[in-house]
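Let me begin by presenting the structure, written as structure tokens, before commenting on it.
Read from first to last, the chains carry the letters A, B, C, D, E and F; within each, the first residue is number 1.
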Amino acid sequence: MPALDFAFTPWTDVEARLTRPTVAVLPLGAVEQHGAHLPLTVDADLALGVARAIADPLDALLLPAMPYGDAWNNAAYPGTLSLSPATLRAAITDIGKGLQEMGVSSLILLNGHFGNHEPMLLAARDLAGGGLPCLHLDYPGLAELAEKHCDSTPAAPHFYHADEVETSMMLALRPDAVRMADAAPSYPTFPATFGAEPMQLRSFNPSGVFGDPRPATANKGRAFIEGIAANAAPIIAAFLHRHGIAVIEP
Amino acid sequence: MPALDFAFTPWTDVEARLTRPTVAVLPLGAVEQHGAHLPLTVDADLALGVARAIADPLDALLLPAMPYGDAWNNAAYPGTLSLSPATLRAAITDIGKGLQEMGVSSLILLNGHFGNHEPMLLAARDLAGGGLPCLHLDYPGLAELAEKHCDSTPAAPHFYHADEVETSMMLALRPDAVRMADAAPSYPTFPATFGAEPMQLRSFNPSGVFGDPRPATANKGRAFIEGIAANAAPIIAAFLHRHGIAVIEP
Amino acid sequence: MPALDFAFTPWTDVEARLTRPTVAVLPLGAVEQHGAHLPLTVDADLALGVARAIADPLDALLLPAMPYGDAWNNAAYPGTLSLSPATLRAAITDIGKGLQEMGVSSLILLNGHFGNHEPMLLAARDLAGGGLPCLHLDYPGLAELAEKHCDSTPAAPHFYHADEVETSMMLALRPDAVRMADAAPSYPTFPATFGAEPMQLRSFNPSGVFGDPRPATANKGRAFIEGIAANAAPIIAAFLHRHGIAVIEP
Amino acid sequence: MPALDFAFTPWTDVEARLTRPTVAVLPLGAVEQHGAHLPLTVDADLALGVARAIADPLDALLLPAMPYGDAWNNAAYPGTLSLSPATLRAAITDIGKGLQEMGVSSLILLNGHFGNHEPMLLAARDLAGGGLPCLHLDYPGLAELAEKHCDSTPAAPHFYHADEVETSMMLALRPDAVRMADAAPSYPTFPATFGAEPMQLRSFNPSGVFGDPRPATANKGRAFIEGIAANAAPIIAAFLHRHGIAVIEP
Amino acid sequence: MPALDFAFTPWTDVEARLTRPTVAVLPLGAVEQHGAHLPLTVDADLALGVARAIADPLDALLLPAMPYGDAWNNAAYPGTLSLSPATLRAAITDIGKGLQEMGVSSLILLNGHFGNHEPMLLAARDLAGGGLPCLHLDYPGLAELAEKHCDSTPAAPHFYHADEVETSMMLALRPDAVRMADAAPSYPTFPATFGAEPMQLRSFNPSGVFGDPRPATANKGRAFIEGIAANAAPIIAAFLHRHGIAVIEP
Amino acid sequence: MPALDFAFTPWTDVEARLTRPTVAVLPLGAVEQHGAHLPLTVDADLALGVARAIADPLDALLLPAMPYGDAWNNAAYPGTLSLSPATLRAAITDIGKGLQEMGVSSLILLNGHFGNHEPMLLAARDLAGGGLPCLHLDYPGLAELAEKHCDSTPAAPHFYHADEVETSMMLALRPDAVRMADAAPSYPTFPATFGAEPMQLRSFNPSGVFGDPRPATANKGRAFIEGIAANAAPIIAAFLHRHGIAVIEP
């Protein structure tokens, strides 16, 4: 039985589902530049796609993606829009509290954007401290999957942005929003203080692409999504077991 | 030329558009019960649809809808999820500041959910005080349109929720998400203190429907959306004129 | 037995009163321009007068009016002073918590200034959520009373500011603070975006008067106050009944 | 020429006054127990009275007293109500900012309640940092005045609460609100940790009176008010001189 | 048995100590100018020294001093650094909550810097309200000790800053950090509004010294430290007794 | 010329130093368990030691270490004490603003505790946005140094806590605070959800040691400190160059 996607679910179905232990999955995205070939909503699009792959086998509540995140270091590319870290943390915490009052047993945060990591962690800490077990996942095992499936190399270790990985996933999920004709590689030189001081990425990368999106295919995209979901499965199982939550899988 | 829908727009198109005076439109929704026949995302779905109708003739930036809002008084129906008023206000303000830094000339907030009204106003005040003209619209002229097009009567004056109006608009925008077979009327008796104290709607309305959704049709929905956009047009024109913004309409 | 007006009440009387279920009434005012014929304190003066009319039959605690409110859109008229919405909300919430700790059974917020409406609602939600039933009243039924008693027409529907209504009430409550010789009518033209964007009233109304204060009389003022109190009575009765509070009326 | 008391002043008079350098005086009170013979509003009543004595020779703006303050350590006596220190500080800062925007040259905070001291200082620091010179006065020279005029001794050094001093001032300002028949002395024993840990005064003083109110007279009250104003005059003169403000005294 | 100085204590010792009722002592300092002969850390150095003298007989937990405080009025002397009052209050409250969760029975705040007084009080109120008894001490009885031991007079009553008192204490605790050759007296004239408006001390005192540090000796410093500890002892005993805490002194 | 260590520096020296471009170094520590053989202050002790090695060649201002940090996941070991992330961020931001007002050209944050990383980043963003260039360093190149110098293996990749690395550094800096007799290895099994949900380390590690501290020596400790400083040097040089700051190295 697939997840209860809130975009198609009346409240009465939620109430019925809540008679059994129920997990909710909240995708976290961002409005952020992804080069000249991908739309600004990539991070939310991908997070929703991965969240669905994770939520389906759990018969979980699949919540609307939070489309805005903290994309501060991409602000110099027009089109990027951010919530402050404090606002993002508060938004996740507010949503989590609502889930807890509703009777949901636990929350999985599925993050599609690096800049959301810390607000997500702090919200998870708030929620867990308040009694709602809260798992937070960035795409687990992505580095290994990228090494396995990609024909190009990343611009930096563990750095996948508007590249073969993200473009492939978009081709799998929303091909009509991808302009492959405009896909072009970019391997910028990182400043020596990268990662050690606040820095706009545009100061050393004019295009916004990190790596080479050209070899991207929808098949690779499906492999990434399925691979991430497969990597997440044992972590989720351990999480549910740790908190004594028996989600009945039909 | 249609709006630049961020779900299909790379940052390079936004940069190109910003060489002329540019308006942004931000739809505000909610995750909230809408009876047994409509999904929890109705308010964001409708706000996005109306925002598109408003944004297209302005060649505006059409931002992703904020899917979560302040739906406190529907919290007793499972599935409803809220941001606190302070969080919602902060989110709108954060987004507006990003638009201003990007070079956008003004912002139109298009609100699809009553509970968002005040956080929206306060965010608009913050932004306008900071130099970004900010128009905030709930569906202008909806009461007159409802009286004109509806075959049913509302449950209370100016109260349209999961009824013929909203159901029609959903049939026009996302018919696959509507379950007309489950549409049923509900005309609850309002408590004497309704509107004068904090109150959960479920305390006097078991179904969550206010009015009668059964006469809804997609044609009526299109009439509402077009009518709202038509009502909004002169207000927007006055707004732009008042602030000396010459948006070039192709 | 009249209300316990804190301006004349030692704490020992409050302690004695609290042996029975006790309601508190908090008037909310503003420091705001009211034309050339009325003082800046009108909103607090009127709120206190109406609050007294409501508190007396309840043998309630009549608290000092909060004299400052959110009068942002009158800021361009010198003399107007505002609390931010967040400060006002916090002030009401702080006071309400103190009442709850004291043993008061419920709180009635009596608001004399439109701009306070939303901070009042949010404070009421905070307090009700914390266990203190909280009714919030703007002058109930004022439109009908104005239509019945006034010889002039309002400047806009439901808009009563420094006009026949407010001037009459001031003549009834504090005639020594009214300068009828300076009362002059003003029927400004409202901008098309009025109510849809943050706007200073002075941008289209030089005098600050909305309507015609000249026909005001103290008798009409008393009719307004008594009429509002009469309209409030059944709402208050329903509120107390809803929360199981049996206030003994002597 | 007396001060412009906002309770009797239309905005047009304020605008006219602001053509010359203008000082505003904001009295700070509290809703706090003052024994069985004085009402809960004493601190605001006295602060307003002293503020008037200070404001008159300056032809200043006399603002409505903030009736609520931070009276935390009297909370155990029913009737006492507090703003949190943060709320009080924010309220004073909000009001000060409004005065600055209006064109007022400086602000005098006249504090009638010990517990307000620190929020007042912090607000003054905020405002001075923002460019509004801000003087904060607790009753200057009160100890010497008390020693000179009182027939009773205080309950502790520099501690005047519901005693001969405050009762006399109330007899001078609002005699109808004083119940001399209920005035009774109280000289409690202070715990060894008084002043060194948070403590409710009621834990060692059942009546709330500190000292002996019985010798109070209106004449003494007038002597206190005039004496405080006389003590304040050179401080105010030095303050205005220090900031180069030439207030024209008629 | 001496205090458990956290700078030398593993967590296992703390756990062992907590099997008996345990007091923690938190010294509060500041980074603030102290003339040309003393380092910027004087207030934390002295607070730690006094805290140790107090903590030893209690076998207490001696926490690391908070080295930063609120030294706003010394900001014009380079080297001075401040936390805002809100940050300082939050820091103390955070630490106190951690102590409470750990099982500590009570907290003694030992303050070495005047500007910390109010944030300390508010934090103590927060903590006491949350169930952790909290004593706050500025150097008790310092005025009497200064009068007894000093050969110089203070620059103003109760004002000891970079003078004979503080210099002597530094000579007793950290003589290697004192430059007696640079010690010079300073008796500035205080402005008439000192204490009644926010004011930088440098505006009337070029050197930063208040009084005469030259007669300072280490012996006097030890007398101050021992004297303060002796004055604190009965207050602490009363505090522990008041809260029923039986600290076993070995 | 060595750094100006604030623990030995009067304000007059700071003022003199500020006539040339000046860097400040702020060490960030924590009060956190470090096994049975190391004191609770290790993180601040080491951060100060490394900061000194970095500050000396820059002739920088060496600020007092912030001894408290965010050690939430060690809270279950008594003795651990935390600031909330928001408090820590505010403290760093407050200090940075003070440095900027003082005329310091840039700030280096030297972090000795993993849990401080994100509050440090956000504070750096605040400060850089306000015009103070801000570099944030965790011990750069520590993994390579550990692999080079250690005889033991870490408990997990990039995880150095109370192990050979930290114990060696403490032996180099504060040998009197180390109890080598109590040093014992611990290689716990990490839960599958480690890093993916909020988790107390004590839930799977009774001792608090991660790795084997027994091979630690002071010589290794010096090698770590010197190695980190050497790794930091080119990053700092790039940082200063990037911001056009010419620090004169004598």
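Just so we're on the same page, contacts are C-beta pairs under 8 Å (C-beta built on N, C-alpha and C of every residue); 3 or more make two chains touch, one makes a residue touch a chain.
Molecules present, by chain and UniProt name: A, B, C, D, E, F = Creatinine amidohydrolase, putative.
Just so you know, these numbers come straight off a predicted model, no measurement behind them.
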Could you tell me the least number of steps, going only between chains that touch, from subunit B to subunit F? 2
Sorted by label, the chains bordering both subunit A and subunit D are none
If you tally contacting C-beta pairs, which pair wins, A-B or B-C? A-B
Which chain is most remote from subunit D in terms of Cα centres? A
Residue numbers at the subunit D-subunit E contact, same meaning over half shared and different meaning under half, come out as same
Between the options D-E, A-B or C-D, which interface matches A-F on more than half of its contact pairs by residue number? D-E
Rounded to a whole Å, what is the gap between the Cα centroids of subunit E and subunit F? 26
Geometric centre distance via CA averages, subunit C-subunit A, whole Å: 49
Touching two or more other chains - residues of subunit B: 86
Ordered ring members, subunit A first, subunit F second: A, F, E, D, C, B
Subunit F partner contacts - residues on subunit A that touch it in the complex: 72, 85-86, 118, 121-122, 124-125, 128-129, 133-137, 140, 191-193, 196-198, 234-235, 238-239, 242
Complex contact set, residues of subunit F against subunit E: 6-15, 18, 31, 33-41, 44-45, 63-68, 75, 77-84, 86-87, 90-91, 94-95, 98-99, 101-103, 176-177, 179, 182, 208
